[in-house]
Amino acid sequence: MAGSSWGTLLRMTTWGESHGSGLGAVVDGCPAGLPLCEEDIQRYLDRRRPGQSRYTTKRQEADRAEILSGVFEGKTTGTPISILVRNTDQRSRDYSEIMNLYRPGHADYTFDQKYGFRDYRGGGRSSGRETIGRVAAGAVAAKLLQELGVEVIAYARSIGPVEADMGRFDREEIGRNPVCMPDAEAAAKAEAYLQEQMERQDSAGGVVECVIRGLPAGVGEPVFEKLDACLGHALLSIGAVKGVEIGDGFAAAASTGSVNNDMFYIKDGHGAKRTNHAGGILGGISDGSDVVIRAAFKPTPSIARPQRTITRQGEETEAVIRGRHDPIIVPRAVVVVEAMAAFTAADLLLQGLSSRLDSVRRALGR
Amino acid sequence: MAGSSWGTLLRMTTWGESHGSGLGAVVDGCPAGLPLCEEDIQRYLDRRRPGQSRYTTKRQEADRAEILSGVFEGKTTGTPISILVRNTDQRSRDYSEIMNLYRPGHADYTFDQKYGFRDYRGGGRSSGRETIGRVAAGAVAAKLLQELGVEVIAYARSIGPVEADMGRFDREEIGRNPVCMPDAEAAAKAEAYLQEQMERQDSAGGVVECVIRGLPAGVGEPVFEKLDACLGHALLSIGAVKGVEIGDGFAAAASTGSVNNDMFYIKDGHGAKRTNHAGGILGGISDGSDVVIRAAFKPTPSIARPQRTITRQGEETEAVIRGRHDPIIVPRAVVVVEAMAAFTAADLLLQGLSSRLDSVRRALGR
Amino acid sequence: MAGSSWGTLLRMTTWGESHGSGLGAVVDGCPAGLPLCEEDIQRYLDRRRPGQSRYTTKRQEADRAEILSGVFEGKTTGTPISILVRNTDQRSRDYSEIMNLYRPGHADYTFDQKYGFRDYRGGGRSSGRETIGRVAAGAVAAKLLQELGVEVIAYARSIGPVEADMGRFDREEIGRNPVCMPDAEAAAKAEAYLQEQMERQDSAGGVVECVIRGLPAGVGEPVFEKLDACLGHALLSIGAVKGVEIGDGFAAAASTGSVNNDMFYIKDGHGAKRTNHAGGILGGISDGSDVVIRAAFKPTPSIARPQRTITRQGEETEAVIRGRHDPIIVPRAVVVVEAMAAFTAADLLLQGLSSRLDSVRRALGR
Amino acid sequence: MAGSSWGTLLRMTTWGESHGSGLGAVVDGCPAGLPLCEEDIQRYLDRRRPGQSRYTTKRQEADRAEILSGVFEGKTTGTPISILVRNTDQRSRDYSEIMNLYRPGHADYTFDQKYGFRDYRGGGRSSGRETIGRVAAGAVAAKLLQELGVEVIAYARSIGPVEADMGRFDREEIGRNPVCMPDAEAAAKAEAYLQEQMERQDSAGGVVECVIRGLPAGVGEPVFEKLDACLGHALLSIGAVKGVEIGDGFAAAASTGSVNNDMFYIKDGHGAKRTNHAGGILGGISDGSDVVIRAAFKPTPSIARPQRTITRQGEETEAVIRGRHDPIIVPRAVVVVEAMAAFTAADLLLQGLSSRLDSVRRALGR
């Protein structure tokens, strides 16, 4: 089935495998007239590029974005924006020894069950490189949101058991430390924790938090296409994500109504909330506060220590994964979360233009 | 925007408000030849019906399902199954005093922001009664899954701070206690906790867990339509859900690869896993183990104690919510989770029929 | 597969069989704030209701529309509008003799091939009564378009070999004669032709033309969702339609570029065209002129004279169709064409709101 | 809005402009295990390539297809197949003089109205080169259909007023004459007619007919996604198409039921029809006979003789179109029609796998 598209009015279709010719995305439905250049996309791709710290795979990829269509004289034309990133450092030989066995925690087994065979080179379509298309497309959405006064920011909220102290939140810090935490002290502890896992030939997980600022109230549809449900879907569709939360999330389940309800008040003549347990969404619709969402990433399944597994032929064996892998997914996943959140919010924002007869009239000038 | 449909090949479209004429669903794309009668649907609706325990609203609704189309001679015909449930106990007068203010934790404010006005009677479309259409449609999907050897079971995993001990899991117990817990001891504690909240004019939240048994390996699409992402979307689209987890969920984020990876082995000649931290899904595709997913429900926002809020006219005021409300959503939400999970799994199962040329040939007999 | 929905932002989902409990539609995505009442829908349904002339089936159906949701205080709320029409004059006995044979020109054979069995009562879902949902939904779209200054008008362009003379076009005449022609003289000839067919126990076909006036330039998407392609799809989805044309249609294929091209000129300071061979659409996008589209309806397949056919059991036999049938579909199909065209144009109009950054800004007030 | 995707289970997303870097398509949802190589696609692209006869533009383009993803070891993997065709002979200078005026019969005016500006180089996205993505994607669908015993054949049925005599139908002839007619005698007349139009600096239109052979009965959905409606949509979405017909099409509108109904009989133990006025489709569902559909193409709007038009600035002027253009679209459109028909039939064939519980069971082996 065709499951490689995301969005309704603004839609990305991604394609590509880890060791094929390249990867990319087609962004369809972007409003015409948006200033856009390759550098807008490259900036996002560079944030997920490997080889930038000791915690990322040593694979060397320039990951240069080429815009093949949809932009003319520096502006989007309203037609599909096709973005291509060529693979350059495939080294398929690294993976030949795993073509006949199923790596624990990976999609090798399920791809074979579903499709009858698989592209075993570097995980094929289930590789983390699949996110290149998402990030390229998300960069377009982020540019669109920025023009409309909406900003999306993501960062590592926790690395393994080490959690950032939000009282020390420093936005600049996110780009300064290799784990993308907004708290330098926690980042240092997280690095120590990661170092320890690497020495033990093990890997770590973590939580990415994402905040959408400036989103107008009224975005999201009240039943199946709730803003939180769509954001949740978007984040859960990123490989290795095992959970999502909006606002207080699971903690809300243990709270009480009198504590969890956010009281409304009047601020500068407008409705506002004293707290934001709800994470900026009520009944699936944005309320004008910051939208806050978190995604839990499992530890990288590729670890150097031997693991028991089975072969395609149905025999038990031991897997030793050589290849080049990140000991933690989180730092490079931060921009993926940001991209998916931006894209989803932008799509729902556009969908909402037709929710009221008066805004329809305004858009049409009728 | 049209956000009231869910599913691709198997699709439900729901409609209806708390105090309108009724609510319902149209289920389109159900394979022809499935035995189905109103009783199949009624059984599910009865599980979400109010008035069954002290923890549910006193509103009296028979919630009788009428199948208006799509079934002939006791079997589905392949055409849309329209299901209607009339409202009978609306009592709109109860709500007239809240038409001009925004109840904290409810969608009143965001509906007004989005649509310019709202049906304020009992929450209109944002009422919990909206789930009637979901449950009716889910009952059809559950029947289809059952024919194919797949079973979906949900229960309360926790109520406020009280968690079920899964070592004491007793499936029969779920239907015996009013909080739908699979552990009688925890259920008793949960009841005591709820009693306490009611006395304090407060409300509680909780976590619903859902298990899908017998789902073949290979269900779910590898990128945006991952089985976990779609299930997550489905559950997050239920009002009051603030988080979802698959398998170990957020706990996986604090684990390590060597612990979190599930080792494969051979069992009765087939691939199997020694553990199920992954919750039955690898790379977005079912692996043949039990699929395990959880949803966190916030405490009921309607509480009897006075709360500070604002009016439509932009003035601060105090809200006192009379009406009829559940002190906890979880027990009645259990069947809603089950319905949404069943529907989503059934849709992806059908989508997967075309994933391989050989299964296409088999279905066509070519 | 779920094929009973039409539209993207504005979406109708229809359901119901000829001899089931009733038929209906759910209209989702209608902007909030549109004045709407049952009478708006009834007016359209009455135009397709049987029993109004000698050329329509004698089945007696009041076809009363009940709005079950989505309207509050006389205005749409933005949530799904569910419309129900009960069947009252089913008389299933009329059809029992055809349950085991395949009527020529009907969908009996293909339904059995597709689904393994069928609701044989009055054609089930393939009956002309299926259009009730379309007309009810189209009435909502027509109301929306009217608010935005767009008008949709359909009429019989030809009945069998009798064609209306467009030089004598009289809009009022459409509602005056039983064949819905805009030319009284042609209507009289058409009636004579129909009378002749009825005497010969035969049936007739015809062409319905539809004009959309006041549609702004810029509606329709340039590739697969062209305005003409979507309108064509909409009309071809009406039972018995075997062809569609836009503007000069098939005649254009025999013309030359110098004749077929419409020259632009300036009229009242705006771009206009001297001719309208294109039928108001260039490159799939409306150009501000009248949109003109035609649909060819085949003769009613139900005829009284005996026809050779086969049984479900694979034996050759003779079919004699008693039942109650129209000798021509066209007069009652006029409003169906109008409904489908209105719905499709309205959906594409809403989709177009996000085609330009400046109209997005205008709608959002940002 | 995102209008550059076509299909539900099998979906193509196309992109690219006439004078951008290139054009392409992403084909998502193709079943895994289908043998596929670049040559399969190239064969189709070569049929639409310019410069092959005196009736096509002199633009020189190799139009080489590169498969970037989705194929491994010579077979489709079930993941998206991205196909890229680079532009090599853009010569943008040819078009600079038309950047400020609206060519009659082209989409220049409507693109500007919709998007606020346009890529004026060679028509941008509205160029005939847009069909490269369709043809590449259609080649994949045709390969899939071929594996399942279904064949799609298109040819010119008429060129201007010259119609092929179907009594002289010769399939081999289609590829032998430059106008792709299945009748050598008509082809010769058509060439003479085209020569005459070229001398008069004028252009011609024509009709393409397409036949789908071997499609099993039961394909197509009974309401909005009828096989004929989807095929019609697909063909009407090709630039310059102004009408479509199924079977007898518009001629059926002037026929009578007794003539137009196809009688069933038993042939080799199976149901069959004595005639095929219906074009292989009853009630929107294939009946096992040949599916026959026609598309009317308007004359090429680009003609060398001067035409009156207006400028972007709102002044009347004269357009003289130099550029490189085909005097007729039909011969190169034949493969585009074939591609769109194949893709649409394949998608509906896959969707139909879930129409019956027994075929679902068969596909799953449950």
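As written, the chain order gives the labels A, B, C and D, with residue 1 at the start of each chain.
To be clear about the criterion, contacts are C-beta pairs under 8 Å (C-beta built on N, C-alpha and C of every residue); 3 or more make two chains touch, one makes a residue touch a chain.
Predicted, not measured: the structure shown is a model, and the values here were computed from it.
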### Query
Given the two chain pairs A-D and A-B, which is bridged by the higher number of C-beta pairs in contact?
A-B
### Query
Is the contact between subunit C and subunit D built from the same residue numbers on each copy (over half shared) or from different ones (under half shared)?
same
### Task
With chain centres taken as the means of their Cα atoms, state the distance from subunit B to subunit D in Å.
44
### Query
In whole angstrom, what separates the CA-based centres of subunit A and subunit B?
26
## Note on the structure
Cα centroid separation, subunit A vs subunit D, in Å, comes to 37
#### Entry: Residues within subunit C bordering two or more other chains
1, 3-5, 8-10, 14, 29, 32-33, 78-79, 114-116, 125, 222-223, 351, 354-356, 358
## Note on the structure
Per the touch rule, the subunit A residues reaching subunit D in their complex are 1-5, 7-11, 13-17, 20-24, 26, 28-29, 32-33, 66-70, 72-73, 75, 77-82, 84, 114-119, 121, 124-125
### Message
If we count contacts the way the header does, which residues on subunit D are in touch with subunit C in the complex?
### Response
1, 3-6, 8, 14, 102, 104-107, 109-111, 113-116, 125-126, 130, 158, 160-161, 197, 200-207, 217-226, 228-230, 232-234, 236-237, 239, 241-250, 252-266, 269-271, 274, 278-279, 281-288, 296-303, 305, 307-310, 314-316, 351-352, 354-356, 358
### Query
Mind pulling up the subunit D residues that touch subunit B in the complex?
8-10, 29, 31-34, 78-79, 144, 147-149, 216, 222-223, 349-351, 353-366
